[in-house]
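So, here come the structures, one by one.
What follows is a pair of complexes built around chain A, which joins chain B in one and chain C in the other.
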Partner chain A sequence: MPLPDPDGVPLFAERPEWADVLPLEQYEDVNPIAPIFYTEEYKAATNYFRAIVKAGEKSPRVMELTESVIRQNPAHYSAWQYRYETLTFLLASTTSDSTPKGALPPLLAAELTLMDELAVQFLKTYQVWHHRRLLVSLTKQPSRELALIKRSLEVDSKNYHTWSYRQWLLSSFYGADENGREQDDDDEGETIEAREVWEAELDFVDTMLAQDVRNNSAWHHRFFVVFHSGGTEHEAEKERIFKRELVYAKQSISLAPSNPSAWNYLRGILTHTRTPFATLETFVKPYTVAQKSAGDAEKRDIVDLDNPPPSAEAELPCVQALEFLADIFETQGASEPGKENTEKAVELWKSLANQYDTIRKKYWEYRIREAHHGKEPRT
Partner chain B sequence: MEPRPTPIDGFPTPTSKTQAETEAVLIKHIPDPASTSAPPALLKNAHMQFLVRNLIQGFPTRYISQDASQPWLLFWTVQAFSVLQVGLDPGNKQRVIDKIMTWQHPDGGFGGGPGQAAHLLATYASVCALAIVGKPGPKGGWDQIDREKLYNFFMSLKQKDGSFLVAHHSEVDVRGIYCLLTVATLLDIITPELIEGTASFIASCQTYEGGFASASHPFYSHGGTLLPPPAPRPALGEAHGGYTFCCLASWVLLQPYLAEASTPEPPPQIDLKNLLRWLVNMQGIEIELGGFKGRTNKLVDGCYSWWCGGAFALLEALGVGGIQNADSEEVPIDSGPGAGVWDDVDDGLFNRQALQEYILYAGQHPSGGLRDKPPKNADAYHTLYCLSGLSSAQHHVFPSSVRRQQLFDAWKTTDNPQDGLRKKVFGEILSWAEEEGSSHIVGGKENRLNATHPLTNLTITHTEGIASHFYGQKVPPRVLRAKPTADASAA
Partner chain C sequence: MAATPSSSSDVKVADTKTLLVDLHVSYIQKLGENKDELMYHLTTHLRLNAVYWGFTALSIMGRPDALDRDEMVEFVMSCWDDEAVIMSLQQPSGVFAGDCWGEIDTRFLYCAVNALSLLGRLDELDREKTVGYLKRCRNFDGGFGSVVGAESHAGQVFVCVAALAILDRLDVIDVDTLGWWLCERQLPNGGLNGRPEKLEDVCYSFWVLSALSILGKVPWIDAGKLESFILSAQDPEGGGIADRPGDMVDVFHTHFGIAGLSILGYPGLVDLDPVYCMPANVVEKKGLRKGWKALERRS
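This part shows the complex of A and B:
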């Protein structure tokens, strides 16, 4: 005897409009090992879901049934999959005469509204985000998504699905054409300039990093926006962008030096632009020694955009700076006959192994061996 | 000496605040050397009871959220038994086989439960669970896998860029690629056509940080046209431990094909140096007990013991770390039978001792099962991946050139047109061997776990069992290596 649903909605078995469906039990003849203790409500919904899938029914009531399953278990990918198939079937079979031009079919609009609610509620579920992708691919209206993602990141600022959905959206709809400008979109009846979207995106990253300069998801998004947006082919413009990013990374490091996200970004942009690490030797050095005494603090008043010094409260030396400087020395030493700089790198690695980053002792010792043997790992 | 906290540089942010809170909890789990001298114990009995409860009584209601992951619940449970060196009795084995076979989809592949759509992740978990409990013959599971339909299912998910959807109408995700390649390798159904372009796709998921992301995606103009090369193909999402393991394992599984392939384009490459740097940086510092995190500036979590800690063995297959295959004379690495001996010959690239301590001190729930971190509850997923991670930190399992040669020598030639390639794949997957006498077990031999295969996360015996069945080959017995001499150790 099924128990009534606590929210007052009767189970499917008690509803006359479902009387024609014979619910299908999950394990019919076997008493399964390792069962899950389902609630009656979940068991009921999934029994009807199995029956519907088996019958291949794609009707409006399937939307209600799959919603019930999804609300109880948002990771039920088959319910999502069947819901999408039903939705596209119903969209194709309903006439759109009554829908005003430019507006979405009511069914699709209703689905989007429901998804706006579920996206925030089931933030950590793959399927919620993938379903949105499928819907946006149908509506071709990406602009409203950016605002929703922003709201969702306010709840969970490092949510992997949310960030990758944002990147998918931008790369799927805002790639620049050969003029660097976007064609207008007939459905939305407005002209969107890719450039504006990407500039707004950079502001968005700035806001996120201002809230938390250690948010690695935001740093990754910055790299995506700056270097993977198709950008410019113009050399002068490339140079300006690189300089801007360099200043940004260095400023972020000076605020909070022991922030691996900022250092990884710095390394990333140098590698991406094939800029030698050695060009940053002057910047890095103050981070590799103990904090200066009060007398040196006056130097901080001199604004040097190229070489912002560590903040007064920085805990120095900074592990990432020692590593960076050692990398500079290693590269320099590799082309020297006497390998003087290699030994300078080795000294830094030893200090990391024995004092500043002891958990990675094995790795620093490996770096020493590699530098001495002069062999690179094969790829 | 109190371990140092992560520097905040007088600049607190939400990340540094949660980090500091976590460190405050973790530090309480580091035993005070003054008050205790007992070595840390792996609570094997408590974990066994946790697993038995899940297997026999069942999973509590909160596991409804994993109703579409029933193959995973079973795989995590039966594989955790294997790592704990426990086998199931024939009656329960049969019940597991019977349950798994209800998930096979009529059109091929396995779903997350009866009547659920086939899915790459569910297929991996089902086939791997069958590797543990199944056998040849009627009702044994192995011969009831419809391999032809499975292959067709795989092909139906294939995308132009070499990637795969995880299920129809679902997302592209490198976890699915790892699952597909593992299953296809074990069941001997890989073809060059199936994996064409897949290595390039994997390579495109590496981010500037060195680790790998969930997927990559090409650029489209607003009008919907695919932008041609050299348009960028960015990674979607940041470098992440789980995806990195899946990409790296896929990359290793694809090596035999890459070596055979004769395409005009240069073979895809990954940046191993940057990957190694990223991986070692995922290990938390002393105050975090040396556990692994899954992303830069995130918190340590027991499951990354496997996803990140386990990835180091895979790097050895690509020539990074590991000296055992350095020359034709095998270089033995033996630091003696004593537990807790950590000498210079041990060439692990991460801190194996610290990782074991994280799991033993913080990863175990006192009432059984393992977990992300204290004060969280234990769950089936973290129980397996903490145990597998612990196992990989205890044992040095590496691709042995000697073992590979034994397998090649024992290969029975078939008239299959792909015979040479199949031989190579078979030899590679089963070449992984444990260095005799090289295990380092924190807490003494009572804490010893079975070694697991770095690619499949099955035991080596189970990997051999299912692979030799589907390739129709006999696996030569393992010859115990002679004790190394003092001269050899010094080499």
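This part shows the complex of A and C:
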């Protein structure tokens, strides 16, 4: 609910510079199912706001008024909208030669500073991010935004708007078109900058995942960075990137085996590169059996990048590994005359249905039926 | 507001193992009177939604007359905007903006497709362009996001899948991968979340279930456990359903909880069309029913 202004700024009605405006009450004739009740201060500010909109006024004080409304109710859609219209109007009418070349007009710079504060405060409001999007389209300074997003993700590391704003920025300013090619091929300077940004972005994802390896938003962003944009056409480079990602996913699984995000990522990169799941059989198997306490510990000292073993404290077997191995067996079984591997897959699905993942019993039973009816394997 | 007599006049302590229909009906009726409970709905633009949520929930409970029809019609008509035209909001990329301010999202694309379909004006839509945008929102996990490049999220999966259903383009979906991702949303307590590693929430009962029923995969999840989870989020004193047990109720979660229960075949409820999120008979009458499958209604 809206809070009274903590600074005790007088209501608009008490201020001489607003005396010329006749506040407009909200039309309240009908009795809707969800009437909304606000503080007096909020009502007063929105009454002035309605009057300003009706008169079509776009002056510096409108910036002050809309800021007041937004601070009390950051989801006030039309206040944001009118604020932006007023801002662009004021910018167009105050363009002067006094602003040094390359610097932002003072009005725009002030707006960005205010938005830096509000973005962190009203993190969960769509409008905050959309307003930034409009501003950065004016400033064309995305690097500043990337830094701000980083700060705001420190407050809420899974905020959907924040992440999608970052993805929008990256693809709009440094992005590849739909065919995976970078937009500014002719402009050598920008291409180099873009490459650097994408590389830095991968470091950024590494940091986010190092903080929380279960952050699905960060895993999604990783796929976005690695495969969707700034991608490469060279086969050798593609191969290098795939190997790197494979090692990364396996290492992450070895740290926290029952992490659905890492397994989904692993499946994602295999599918994307059309790599058979069976190539990972050796890696997956240790995750599908109960933890052995004795001899395995020594094996862990040997660093095997291709097949990192589960951590000593991992709870095994893990559901995702059983599922993965069953997929491998299902595929192998489909091309065998005796279907021995199909039966191995069925055994694994039965263990999921009856012991390890009982909440999805019906799903595993469905998989068993499908395999027995000779449905095309999925991988 | 015209009140229908409630049969729960002899108040007994209600349990949360069954759907407390009378209590929910009176909770929704009181929304128009009891102002304090609506502090949750801070913004004016949510009012129209509240009418839709309240009225649809009542209709699914078989009590569409519990709110004054003329009053609702009058309110909805007071939101009429002479200048707004749906088609003008489609962007060159194929997505729709929410309004002239330009915020884009697959939610708005769904709203546009839904409304054009109800109005019988889908022929004015560039289907290829619209479907093309949805295709580009598809992620490696089979799900869909709010814009191109954004993470899969159950709410966005619903809007994209339902839009594709209306456009008869479910072929765009990788049913096995998405179906699995959706049933992976169920947590040990029966509730569903919207993304991996997030908390369960009653409203996802609808976002996840509707998509599953459009894909014909509702039986993949544990319906009994989900039903108990939704019922346990009811307020047995004041009525209404919360996002999870023990939290404050609101009309949004009341509606989506009841919608979810309808898809799960809960006894006595009216069939809900998961594509339009409206009573199925309304959609059928307009000849718009698609090939979704809910669980059979129990008696």
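Here is the rule we use: the second predicted complex is superposed on the first by the 343 of 379 C-alpha atoms of A that agree within 3 Å, B and C clash if a C-alpha of one lies under 4 Å from a C-alpha of the other, contacts with A are read in each partner's own complex, and residues count from 1 in each chain.
The rule is short, and it goes like this: contacts are C-beta pairs under 8 Å (C-beta built on N, C-alpha and C of every residue); 3 or more make two chains touch, one makes a residue touch a chain.
Everything quoted here is computed from the prediction, not taken from an experiment.
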Partners on chain A (chain B, chain C) - clash or fit: clash
First, second, both or neither for A:145, with chain B first and chain C second: neither
Which of chain B and chain C A:330 touches, first, second, both or neither: neither
Which of chain B and chain C A:111 touches, first, second, both or neither: neither
Which of chain B and chain C A:24 touches, first, second, both or neither: first
Partner chain(s) touched by A:201 [first = chain B, second = chain C, both, neither]: neither
Partner touching more residues of chain A, whether chain B or chain C: B
Chain B versus chain C as contact partner of A:245, first or second or both or neither: neither
Stretch in clash, chain B with chain C, out of 201-209, 219-227 or 327-335: 201-209
On chain A, the residue positions that both chain B and chain C contact, one per complex: 26-27, 30, 32-37, 73, 75-77, 81, 84, 126, 130, 134, 158, 160, 163-164, 167-168, 171, 214-217, 220, 223-224, 227-229, 260-261, 264-265, 267-269, 271-272, 359-363, 366, 378
Touch list for chain A against partner chain C, complex: 1-2, 26-27, 29-37, 73, 75-77, 80-81, 84, 126-127, 130, 134, 158, 160, 163-164, 167-168, 170-171, 178, 214-217, 220-221, 223-224, 227-229, 260-261, 264-265, 267-269, 271-272, 359-363, 366, 378
Chain B-touching residues of chain A, taken from the complex the two chains share: 24, 26-27, 30, 32-39, 42, 46, 49-50, 53-54, 72-78, 81-82, 84-85, 126, 130, 133-134, 140, 157-158, 160, 163-164, 167-168, 171-177, 182-183, 185, 192, 194, 211-217, 219-220, 223-224, 227-230, 255-261, 264-265, 267-269, 271-272, 310-315, 318, 357-363, 366, 376-379
For the chain B and chain A complex, residues of the former touching the latter: 6-11, 13-16, 54-56, 58-61, 63-70, 73-74, 77, 92, 95-96, 98-99, 102, 111-117, 119, 167-171, 173, 207-209, 213-215, 217-224, 227, 231-232, 234-240, 269-274, 276, 280-281, 283-286, 290, 295-298, 318-321, 346-351, 354
Chain A partner contacts - residues on chain C that touch it in the complex: 1, 28, 31-32, 35-36, 38-39, 41-47, 50-51, 54-55, 67, 71-72, 74-75, 78, 99-103, 136, 139-141, 145-153, 176, 180-181, 183-184, 186-188, 190, 195-198, 219-222, 225, 251
